[in-house]
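Shared between the two complexes below is chain A, which has chain B as its partner in the first and chain C in the second.
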Partner chain A sequence: METVTLTIKKAPTLYLEAEIISPDGLAGKTADQIRALPVHMGNEEFTLGEFFDLAGAPGATAEETKVVVTGDLSRVKYLGMKMSGGEMVIESDADMYVGAWMSGGTLTAKGNVDSFAGIGMKGGLLEINGNAGNYTGSAYRGDWRGMQGGKIHVKGNVRSDTGYFMNGGEIVIDGDADVHVGTHAEGGKIVIKGNAKSRLGGQMVEGTIILLGTVDVMMPGFKYVRDEEVDVDGKNMLMSLYVGDLGERHRKRKGEPIYGKLYIRKAAPAAAESREVRLARAREARKARFASPEETASA
Partner chain B sequence: MAEYLIRNGFVFDPVSGVNGDRKDIAVKDGKIVESVSPSAKVFDAAGKTVMAGAVEIHAHIAGPKVNEGRNYRPEDKLFNAASGVGGMRTTGGFSIPTTFKTGYNYAKMGYTTAIEAAMPPLYARHVHEEIRDTPIIDEGALPVFGNNWFVLEYLKNRELENTAAYISWLLRASKGYGVKVVNPGGTEAWGWGLNCLTVNDPVPYFDITPAQIVRGLIEANEYLGLPHSMHIHANNLGNPGNYTTTLDTFRLAEGFKANNRFGREQTMHHTHVQFHSYGGDTWGNFESKSDEIIDYVNTHPNLTIDTGNVTLDETTTMTADGPFEHHLTELNHLKWANVDVELETAAGIVPYVYSPDIKVCAIQWAIGLELGLLAKDPMRCFITTDHPNAGPFTRYPRIIKWLMSKEAREERLNTFKHAEKVIGATLLHGIDREITFYELAQMTRAGPAKALGLKDVYGGLAPGMEADIAVYDINPESPFTPDQLEEAFSAAALVIKTGLPVVENGVVINNGNKRTLWVDAKVNENPQVMRDVEEKFLKYYSVTLNNYEVQGHHYIPNPYAIQVDATQ
Partner chain C sequence: MAKTVTDVTCPFCGSLCDDIEVQVSDDGTKVLEVFNACAIGAAKFLHTAAKDRVTRPRMRQEDGSYKEVSYDEAIEYTAHMFVNSKKPLMYGWSNTNCEAQSVGHEIAEATGGIVDNTATVCHGPSLIAIQDVGIPSCTLGEIKNRADVVLFWGCNPAHAHPRHLSKYSIFPRGFFTGKGHKGRKMIVVDPRNTDTMKLADVPLQLEQGRDYELLSAFRVAIRGEELPEKVAGIPREKIYEAVEVMKNGRFGVIFFGMGVTQSLGKNHNIDNAIMVTKDMNEYTKFAIIAMRGHYNVTGSGQVMGWQWGFPFATDLSRGFARYNPGETTSNDLLRRREVDAIMVFASDPGSHFPISSVREIAKIPSVAVVPDINPTTEISKLHVPVAVNAIETGGCCYRMDNVPIDARKVVEPPEGMLTDLEFLTRVRDRIAELKAQAPAGVRASAEAVGA
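Take a look at the complex of A and B:
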C-alpha cells in the first residue's frame, strides 16, 4: 500500500469542500495531477494544491492507497466521501460529512468530527476517536435510505439523530448519545455504551438498539416483552427487551409482526421494587382523587 | 430580426407532408418563411434530422404541487446540482428540477412548447410565477375543473351557460389555457375520506356523478369553442382492472361534436392512458389491457390520448387525484404530502421507485410502449411520461429509442428480473412495429399541437408558422444504433425558438423569449355567475377576489392570449 500525505497549509476563510480527498479521488494520479484537483469554497473553485502540501504518492487503485490528512481540518468538509476501499486517516478534527456515502475501506478520524459523518454509508469501517455531531450514520435530508451497511465506531459521544432512517450496518457509540436515536430505522444495529437521553427508536419499524447505560425518558410507543441475553463485545448480558414503535406499520413473518428491538440493561431488583412502590402510591392517589363523595364519606 | 437558413437537412414535417426529404428551412422575424436573403445566417444540417420544435401536452412542471415536491425532496437534488455558466442559471433536481433546469432540459431535447397539466386556480399566481421563471419554452397551464364547487353545482342543475360563463371567467382570472379534469368528483369525495372509482359513483353532498361532470364539461368546452378539448385524468387511476373505468370514460365523449375555429377534431383528450389500461384484479394477476383500450381509441376519432410512459426511474408522483396518492403511500410507505385547495381541488405527492426488478413496474413500462405502438393514428397518440409521475420528461429520448427500435426494447424486456412473467402479462414482445421519424414528428409535434388547437402556430415547418425548429445529429438514411438515437434526441445539434437560436451542439446558449399562452374566451355578460363568484368568495374563500386574479406584468410578462368569442 502506498501512502500519500496531505498537509493543509492555510486555513480556509470559509469552509472548504474537498470530497476529492479520498483513496478513490487520489489513486493512480501523479503529484501534479493531485495538486490540480478541484476543491470548492463558497461559490468558487480552487485547486487542491492551493490549500494542501503533498508528500508521498498514491497507489494505482483505491485499495492500494492510504491517504493521511494532517493540519487544522476543522474547516474542511466531505473528507473521505464516497471512498470505496483503501485506507484514510484524518489526524485532527474535521468538519461535516466525514466518510459520507462511503462503501468500503477504513477511515479513521483521530479527532472530533462534525455532523453527517457516515451518512448513507454502504460499507467499510468509519472510526471516530473523538466525538461526532448530529446525524451520524443517518440518511441525507429527505431521503429514506440511510445507512445501509458497514460499521461506524464513535469512541466519544454523539449528538442528536444518530442512525436516522438506518436500514443496515452497525453503529457503536462508546460514550453518550443525545436525543433521537434510530428514528424511522428499518434495520441495522446501534449500540450505546454510555447513557441516552430520550426518544430512542421513535417511529422505528425494524432494527436493534442496545443501551448499556441509562435512558432519561422512554418512548411511549415501546412495550416490555421479556428479558433476553444479548451478546455485546463477546460478553453475554441479561437485558430487558422492549419492542416498538407500536404506532408504526410492521411487516409480518409467519403471521407475527416484526418490531424494532430496544434492549435496556435490566434494572437492579431494588430499583424495580421502588418502582412498584412508586406506582402503588400513584394508584392510591388517583383513586382518592376520583372517588365519589359518598365513597369518601363512607370510608 | 435576423434571418436563418437551415440547409440541406432531412426534414420530417407532417404539417407540410415532408417525409425525410432534403430541404432548406428558412426563418425570418421569428417565423418560417419560403426564402431568405443571401445575408441569412446558414446552419449546415447535412446528414442531420430536422423537425419542428416539439410540443409537450401534459407535464407537471410549475406550481405549488411541483414546488412542494421540490421542498420535501431535497434528496432529489443530491449530486446533480450545477452552477450556472455564462448567462445560464444554477440548476438542480432530477424528477422535480428547478424551473430553470426545466426550461433548459426541454430546450436541449428540442421541445419548445409545454402545457402545465394541473393548475389549482387559487394558486394560479404561483403557477405563473414559476412559468415566468422557466426559460425558453412557451407555456400554458390547464386549470382543474372536475372537482370545483361552482362546476359541480351548475352541472347538477344542468346549467350549461352558467358552467361556460364560469369557465370563461376562471380562464381569465387564472390565465388558464383549457379545461382539465382530474379524477372527476373523486378528489372532492376525498374531502369526506371517500373516492369515486367508477363513472357512476355519486359525489358526496353534491349528489352528482363523474359521468355527469365529464359530459357537462365537454358540452361547456364545445359551447365555448375553446382551442383545446376537455383534458381528463379519469377515475380509478393506477388500480388493477381499471381499464373498464377508462372505456366507460371514453364513451362519455360519444355524441359530441368538436366546435372550434382552431381545426381541433377531438372532444376528449385522455391523458397518461398507461395508468388507466390495467387488467387483473390484484397486483398478483396484474396485466396489460392496452389492446382493448387502443382498439377503442383507434376506432373513435373524437378522442386523443397521451401515453404516460413509465421510464423505470426513481421519481416523484404528484397529482390532483388526492385519494390516489394516499393509496400509493399505503403501498410503498414513502413520505406523503396532501393538500386541500378550498373549493377547487386537492393534491397529493409521494416519491416512487419504478424498479425493473418489480414485476408490476415492468408491466407498466410495457403498457406505455404498447399504447404508442398499437395506436394506428400517430396524430392522436402523443408521447408523455406524465412528468414526473411515470418518470421525468428528460427520458423522452429513451422512450423514443424504445418506440423506434424493437432491438432496444427487447433487450430491456428480456433483462427484467421477472422477464417471463412480464412477457406473459403484456403484448409488447409480439409487437414488431418500429415508429418512424415521420410518425415520431406526428406524436411529438404535429399531433399535440393540433389537439391543443395550435396547429397553425406550433408543431410544423410550413411557412407562416412559428420558427420553432430542432435539428438532431442523426442521419435517418445511414445505419445507427438505438443508443445513438437516444443520444441524438437528448441533445439537439441546434434548436431555434421563435426565430432565436437557443441551443447549439447540445448546449443551451440563450434564455430565449418565452411566452405564456392563455385563452381569453368571451361570453355574454352573466350576472348570476358573477354574483355566485362574489358570494362564494365572501362566504368560503380564504382570499378576496382582488388577491385571486392573475393580473399584470409581474405574473405574465410576455403573454400570448388566444381569443375565443362565444358571445351570442
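Take a look at the complex of A and C:
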C-alpha cells in the first residue's frame, strides 16, 4: 500500500469542500494531477495544491492507497466522502460529512468530527476517536434508506439523531448519546456503552439497540418482554428486553409481528425513579427562587 | 369623503384573511380605518400612516450613526456586496410577495448565494418532516365546511392567529358544520393553560418537551396497544379518551405550531404528528396543517420549491441546489462563520436569532431591506426601507394551507419610495452589469493561499 500525505497550509476563511480527498479521489494520479484537483470554497473553485502540501504518492487503485490528512482540518468538509476502499487517516478534528456515503475501506478520524459523519454508509469501517456531531450514521435529508452496512465506532460521545432511518450495519458508541437514537430504524444494530437520553428507539420498526447505561425517559411504545443474556464485546450481560415501537407498523412472520428490540442492562437504575427525583429537585429549586410572597400567590 | 377598499388581504399572520375592508383618504395615500381585521392585523395597516417612517435608505457611518443615501447608492452598495462575496446569505422572504422572492432567487443564482427563509426558526422542522414522511393535508375551507374534530398542538391561535378560530377552525358554520362550534370537538395539547386551551373540550396539559412521547402514545392508543400509566404527565385514560374522540369524528384536523416545531425533537415531533394523522385515516378522514407564522412564509417555500426543489435553506454556492438543514440553515451558517455577506429581506433576525448569530450579522457586510426600523436594521451596514407589501403594493401570497391569494394594493407608498420588488430588480440588473464588466477568469476575492 502506498501512502500519500496531505498537509493543510492554512485554515480557509470560509469552509473548504474537499470531497476529492479520499483514496478513490487520489488513486492512480501523479503529484501534479493531485495538486490540480478541485476544491471549493463558497462559489469559487481552488486547486488542492493551493491549500495542501503533498508528500508521498497514491497507489494505482483505491485499495492500494492510504491517504493521511494532517494540519488543522476543522474547517474542511466531506473528507473521505464516498470512499470505497483503501485507508484514510484524518489526524485532527474535521468538519461535517466525514466518511459520508462510504462503501468500503477504513477511515480513522483521530479528533472530533462534526455532524453528518457516515451518513448513508454502505460498507467499510469508520472510526472516530473523539466525539461525533448530530446525524452520525443517518440518512441524508429526505432519504428513507439510512445507513445500510459497514460499521461506525465512536469512542467519545455523539449528539442527537444517531442512526436516523438506519437499515443495516452497526454503530458502536463508547460514550453517551443525545436524544433520538435509531429513530425510524428498519434494521441494523446500535450499541451505546454510556447513557442515552429520551426518544431512544422512537418510531423504530425493526433493528436492535443495546444500552449499557441509563435512559432518562423511556418511549411509551416499548413493552418489557423478558430478561436475556446478551453478548457485548465477548462478555455476557444480563439485559431487559423491550420491544417496540408499538405505535409503528410492523410486518409479520408466521402471524407474529416483528418488533424493534431494545436491550437495557439490568444493573441500570430504574429510569422513571431518577427522573421523578430530578423533577422534584428542580421544583424545589424553582420554589426557592420565587420565594417572594406575591409570586408564590400567583403561581 | 373617504373611500373604502373591500376584499383586502391582511399581511400579518399565516391566516392571510382576505375579507378586510380599509377606509383610505380620498387621494389614496393614507389608511384611515380598518374593518374586519383583528387587533394585530389592523395595527399593521394603520402603521403605514405613521409619521416617523423612514422613507430613504440609510448607510451606517464610521461613528455608528446613519446617513441618508439615495436608492441609487443603496443599489450600488448591495450589488457590489454580492459580487465581492464568496458565499452570500439571503435571509427572510416571509413578509414579501412571491414576485420579489423570485427575483431574489435570480440574484442567488447569479452570485452563488444561499437562500433561507424564516421557516428556519419557525416551521423548518415541519418541512423536514414533510419531506421524510409526506403530509395528508387539506385547505382551511375544507376545515370550515367539514371538520368536526379539531386538535391544536403546541399553538395558541387565540393570540397568534386571532381570527383563525372564528374564520376557519372552531366557530364558523360551514356546509356540513351547521352547528358551528357546538358541533365541533376541540382538543388542545400544550404545556401551558393558554387562552386556546381554555376553550377546549379535551385539554391536555403535558410536561414541557414531551410532545414526541405523547404523540407516540397517541399512536400506541390508536392501535389499541397498551400504554404505561402516565405519558408526558398525562394519565393513560385521558389519552385513550382523546383518541376515542378523534376516532368518532367524521373529519379531523391537527393544527400544530412552534410549541412542537421548536421544542426538543423538532422535526421528529412533526414527523410523529403526521404519522398520527396517517394512522387516523384508517378510521376516519384526518388532515394536518402547520400554523405558519408570517403571511407569506408559505409562499417563499412554494417559490423555492418550484424553482429549486427545496422549501428553505437552499445553497447554490456550487452552482446547483443543495439543501441540508443543520448545515445550510442561517443560524448554522452564521454561528459557524460560513458566510461572508448577508442580505436580510422582509424579516427581522435581529429580534429572533440567537445572539451568536446576530453578532456575526453585525460583523459582515450586511443589507437589511425592510419597511421599518427594527433591531436588524440597527446592526446592518445599510437599511433600505421599502413599501409595505400587500398594503402599498400587491402581489401573490400563500396562505398557511398553501392556497395562493393575490394581495391588493390599498394605498400609495410615501413619495419616491421603492417597492422591494423594484429594489431587487435593479440590484439584479446592476449585478449583471458588474459581472459583464469583470474580465473572465478573475476571481472576485483575493484569497491568498499557498503563498
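Here is the rule we go by: the second predicted complex is superposed on the first by the 266 of 299 C-alpha atoms of A that agree within 3 Å, B and C clash if a C-alpha of one lies under 4 Å from a C-alpha of the other, contacts with A are read in each partner's own complex, and residues count from 1 in each chain.
The rule we apply is simple: contacts are C-beta pairs under 8 Å (C-beta built on N, C-alpha and C of every residue); 3 or more make two chains touch, one makes a residue touch a chain.
Keep in mind the model is a prediction, meaning the values are calculated, not measured.
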Superposition on chain A - do chain B and chain C clash or fit: clash
Comparing the two partners chain B and chain C, which touches a greater set of residues in chain A: C
Touched partner set for A:287, first chain B, second chain C, both or neither: neither
First (chain B), second (chain C), both or neither touched by A:278: neither
Partner chain in contact with A:96 - chain B first, chain C second, else both or neither: second
Residues of chain A that lie at the interface with chain B and also at the interface with chain C: 43, 140-142, 144
Interface residues, chain B side, partner chain A - complex: 72-76, 78, 83, 333-335, 351
Parts of chain A lying in touch with chain B, wherever the complex brings them together: 43, 139-144, 249
Footprint of chain C on chain A - complex, ascending: 9-10, 12-15, 17, 40-44, 46, 49-51, 96, 115-116, 134-135, 140-142, 144, 165, 179-180, 183-184, 198-199, 202-203, 217-221, 223, 245-248
Chain A partner contacts - residues on chain C that touch it in the complex: 85-87, 111-112, 128, 131-132, 210, 212-213, 216-220, 222-223, 225-228, 231, 264-265, 268, 271-272, 275, 279, 317-319, 323-327, 336-340, 443-445, 447, 449-450
